[in-house]
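Both complexes below contain chain A, partnered by chain B and then by chain C.
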Partner chain A sequence: MTLTRGAAVMLLLFLVAAVLVPAAQVLRTSLTDAEGSFTIAYYAQVLADPYFRSSLIGTMVFCAATSVAATLLALPAGWRIGRGGRGAVYLRAFCQANYAFGGIAYGMLVVTLIGNVGLVPLAEHALFGTEWTKGVAYTVPGLVIAYFGFQIPRAALLLAQAIEKLDPRLLDAARTLGASPVQKTLLVVLPLLRGALTSTVLSTFLISLASFGVALLVSRKLTIYAVAIYKEFMAFSEFGSAAAMAVILSVSAVLAAVAARRFAGRTDMAGL
Partner chain B sequence: MDITLRDIRKTFGHTDVLRGINLTFRSGTVTVLLGPSGSGKTTLLNIVAGLVPATGGHVLFGGQDVTALPVEARHIGYVFQSHALFPHLTAAGNVEFPLRVRGVGRGERRQRARDALAIVEMAHLAERDVSTLSGGQRQRVAIARALVANPDVLLLDEPLSALDPQLRDRIREELRALLEPLPVPVVLVTHDQHDAFVLADQVVLLHGGEVAQLGTPQDLYLRPANETVARFLGIASYLADDEGNRRLVRPEDLELAADDGPCDVVLRIERVQFLGDRQRVTGSTPDGDAPIIVDVSKAARVAAGELARFRIRRNGRTMPVAAQASHLVGPGY
Partner chain C sequence: MKRRDVLGAFGATAVMTFAGSRARAEQLLPFYDLPAKYMNWAALGTAYEKRTGVKLTIDLKTGSSTALAAMKAEVARPQVNGAFWSLDIAIEGKKAGVTMPYKPKGFDAIPDSRKDRDGHWWAMSSANIVIGANTDVLRKHNLPLPKTWNDLLKPDYKGLCGMMEPTYSGTASTFAYGINFIQGGTKDDFTPGMKWLKAFADNGGQYRSETMGPRLVTGDVGILIDAEGNILLPKAEGAPVVVIAPPDGVVAVELGMSMMKGAPDQERARQFFDWLLGDEAQSIIGASYFRPVRKETLPKAVAAELGEPEKLIPLDLEHEAAVVTNLKRAFTEIVTRGGDLADVLRRYRLAA
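This part shows the complex of A and B:
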């Protein structure tokens, strides 16, 4: 009992020191001008600025779109991991290793593969004499590939947890009732996984919003909001604006999460 | 359309689960696959359905070899032990499912689903979420779903095992009434002899992956092919007569003899169990070692340690198996 209470107190202290205090400090910075007076000028400034506004909207749309796509693309891998079968163990290990890589590693992989002097452009040039793939890493498709690199394995693991809980007799029942594999997927599997799919899209979206390393390395055409915050803070020492942008990003993420939950509705048969 | 199984074999690893099964399931006939756990009955059902591939042999639907056909192409109805209703669909939605995957239009499939639910007396609960239905109601929805597309065969895997005993008795009767008029072969798996006797036109008793006996419920109970069959289908004791034949006696086959009347066997009573509507007596013949179990009326005066005289009822059966020492006494004892 004492141990449990002690652990709870420690956890609370850690939460206060590591999360609440810094968050309060960021909020205070965003609402305080150079003279120390209360202000909302930083919010007004970053929300009114077309560059920051388009960066925020672009980031939200990009992360949402890639999260949905990554979740759908992760379904086959999640299915194999969740249902078992040949290669399932290795697939799970590969996806778990993804957590160790981190976003910046994926950015480097993409640069190495399809950067200006990446392996693919070099091979293309050697084989065909063309340069179609040169510098693709720095385009929006390159950014998508880099994001997929960390989104798909994580989404696959999240989906696998729900797929493991799927009652196999329901799938057998669908087959005995005459459903083809496609009908079984569309009419039984996806509806049963609706809650899990929503949770996976949401988790992937939130991870993507906070992902910083990939965008820093490869994003040229699209200014990812986290990178914009980094530049405001590090390059221009605009602490008030950076703090306001951080708060806006956090609030936007929370609102998006709430909206996604509402959209998912009550169906959560195999939710996470 | 009859279903024929030819030399069906199934091996899991190094274990032979089914060893050359040859059977025919006739249209309009309810066949019950009966047997203890591990006898291969559910595996055989799943081979008929196509859910499990046979290691060898052939499955024929009306003469057409469907062994290689996937389950979705076999046009079967299957009622799972757990019912396996889709939790994201209503009762009507579940029943519509097989029609939906066959491309039946919305109006027609709604009507046919309603009709199927009406047959199982569930039309009034058509729009209910299946999670709110009782076990018996879920089972009826599962049967309606299995039948709505007019399958070539109806397969049921332990349909009563998930029900509590009181409900089970009632549903068993209802199920019999539902299955009886069906014009297709019905194959039902159970490990419960009461279910088999009430539901079956034909019983297949499986043991060790082989057909131990095939016949009507009366055949199996009254004329078991061997001791294994006899014991699986209820309490079976054996008495040997003067000619060395072993006589199968069920608990109801012996009755207490009148004090001054003739008797066929004398038992030393070892145990008396009160079962409410009757008493179950376990005893042995004076020179025998095998226990004999007899049911007597609840009012009969029997006590452990005493000798009791019994007569064999007129319907007693003789089952000539290996000869043993005589335990039967002469009529003048």
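This part shows the complex of A and C:
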């Protein structure tokens, strides 16, 4: 008992030091003008700017759409990992390895694969003499592929956890009652996984909003909000508006999460 | 495991981590930003470590402007001893109050126009900003080498060109400033330069956030606007790249150092600054195809390879520093966000 309580206290202290203190600092910066007095000017300025507004909306829409698509695309892999079967172990290891490619490293990987001289366009040119895939990394479809690259494996692992816990008797019962595989999937599996699907979409959405390295390297057509924040901070030393934008992004993320939860109408969503 | 043991283990780990970082910190001398593949900082770092045992922080940030932002944010608790940056940004740094004076050995030999009278910044080298081309890529597309800056705007070269983001990189911001004068603009009117920068993007030219020399070597971009040395050094090492100094005009980026205000390790920082202007460092810079501020240290063979451009357009550093922030803002609004060119330039007082 004492050990658990000790660990909990440690975790709490760690959270305060590593999350709350920096977050409070960001909040303070966003509300303090150059003379050190209170201001909401940074928020007003950032929210009034049509470019930043469309970047925020574009980023939310992009992350939401790709998260939904990625979660659906992750279902077969999640099923295989969760139910076992040939290759499940390797599939799980592959999905887990994805965590090793954080931020910039992942962006580099995307450039190496589908950049102007990526491995894919080079192979395409050698095989077919065409150059369709050249520089795809820098287009919106390329950005989708790049995001799928880290969204699908992570979503698959999240789904696998829920699929592991599915009651096999329900599936057996469905089969015994004469349900076809399609019927079984649509009428039994998906309703059972509804909560897990929603929470996976949500987790993936939040991970995507926080993703930065990939977009910094490859996003050209769409200004990802995190990159816009980076530019305000690093290129223009506008700490106040960068901090305000960071707060706005965080609040939007929380609001979106709450809204999605309401929408799903469920309280049993793991992790949130 | 008892709670005491757990706490003890935490404590021991913390102490060991702290002690380890202390030991490493004593050999490490942090600076913003010494990119391995820019001016061959990799070689400078190796040479300095060999001579003194002091390790430099290579590749911390991505450019002069990012270095300045970090120093502004950290000025109350300096994390680095100084910066290597383009001098337009260095002047901004002095104005922002993030630098402190030092006059390294050899300071007197630097021409007055290339140093701050009080020693807040001084030139170490310069580089002409030129067009680099990957000959393999151009051959694949059956394209001739571009000859002028305006060639890069032709549909032939669509999607092949790139350079660093002027909002991050000092070389790129110097070019964004200088192209205006190459294109016939004046200090009162940046319309010609901004039109060129926008047309470059419209023709598929990319403004990128990473050090670009290596991207030209691999052919990720076929044509690169960069400091000449970042193209000539890989060329000397066998890469299929060439340098073109357009006859319509070339500008140079002035590169130098500053000491950070309240630098944590001033003694060793000063020794490092002295070394950078000494024979060893200056000849490494020369051998890396950058133009050392002490011209006599430039190897003859390198001087021949570098050559002199037909038309070098001198830049007014003070003026550049005074407008560069607005220029970067205007660039972002016009080129990145598609704002109205005339309106934005007028708003930033960069055109009438």
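In this text, the second predicted complex is superposed on the first by the 249 of 272 C-alpha atoms of A that agree within 3 Å, B and C clash if a C-alpha of one lies under 4 Å from a C-alpha of the other, contacts with A are read in each partner's own complex, and residues count from 1 in each chain.
Rule of thumb we're sticking to: a residue touches a chain if its C-beta (ideal position, glycine included) is under 8 Å from a C-beta of that chain, and two chains touch if they have at least 3 such contacts.
All figures in this text were calculated on a predicted structure; none of them were measured in a lab.
Once the two complexes are overlaid on the shared chain, A:115 sits against chain C while remaining clear of chain B.
When both complexes are overlaid on chain A, the residue A:6 reaches chain C alone and has no touch with chain B. After overlaying the two complexes on the shared chain, residue contacts for A:239 are found with chain C alone; chain B is out of touch.
Of the two partner chains, neither chain B nor chain C is touched by A:105. Contacts of A:175 after superposition: chain B is touched, whereas chain C is not reached.
Of the two partner chains placed around the shared chain by superposition, neither chain B nor chain C is touched by A:207.
Those residues of chain B that touch chain A in the shared complex are 49, 51, 70-72, 75-78, 80, 82, 84-88, 97-98, 100-102, 145-146, 149, 155. Against chain A, the residues of chain C that register as touching in their complex are 1-3, 6-7, 10, 65-66, 68-70, 72-73, 96, 159, 165, 167-168, 206, 209-210, 218-221, 325, 328-329, 332-333, 336-337. The residues of chain A lying in touch with chain C in their complex are 2-3, 6-7, 10, 51, 111, 115-117, 135, 138, 216-217, 220, 223, 231, 233-237, 239. Within the complex formed with chain B, the chain A residues making contact are 167, 169-170, 172-180, 183, 187-188, 191-192, 194, 267, 269.
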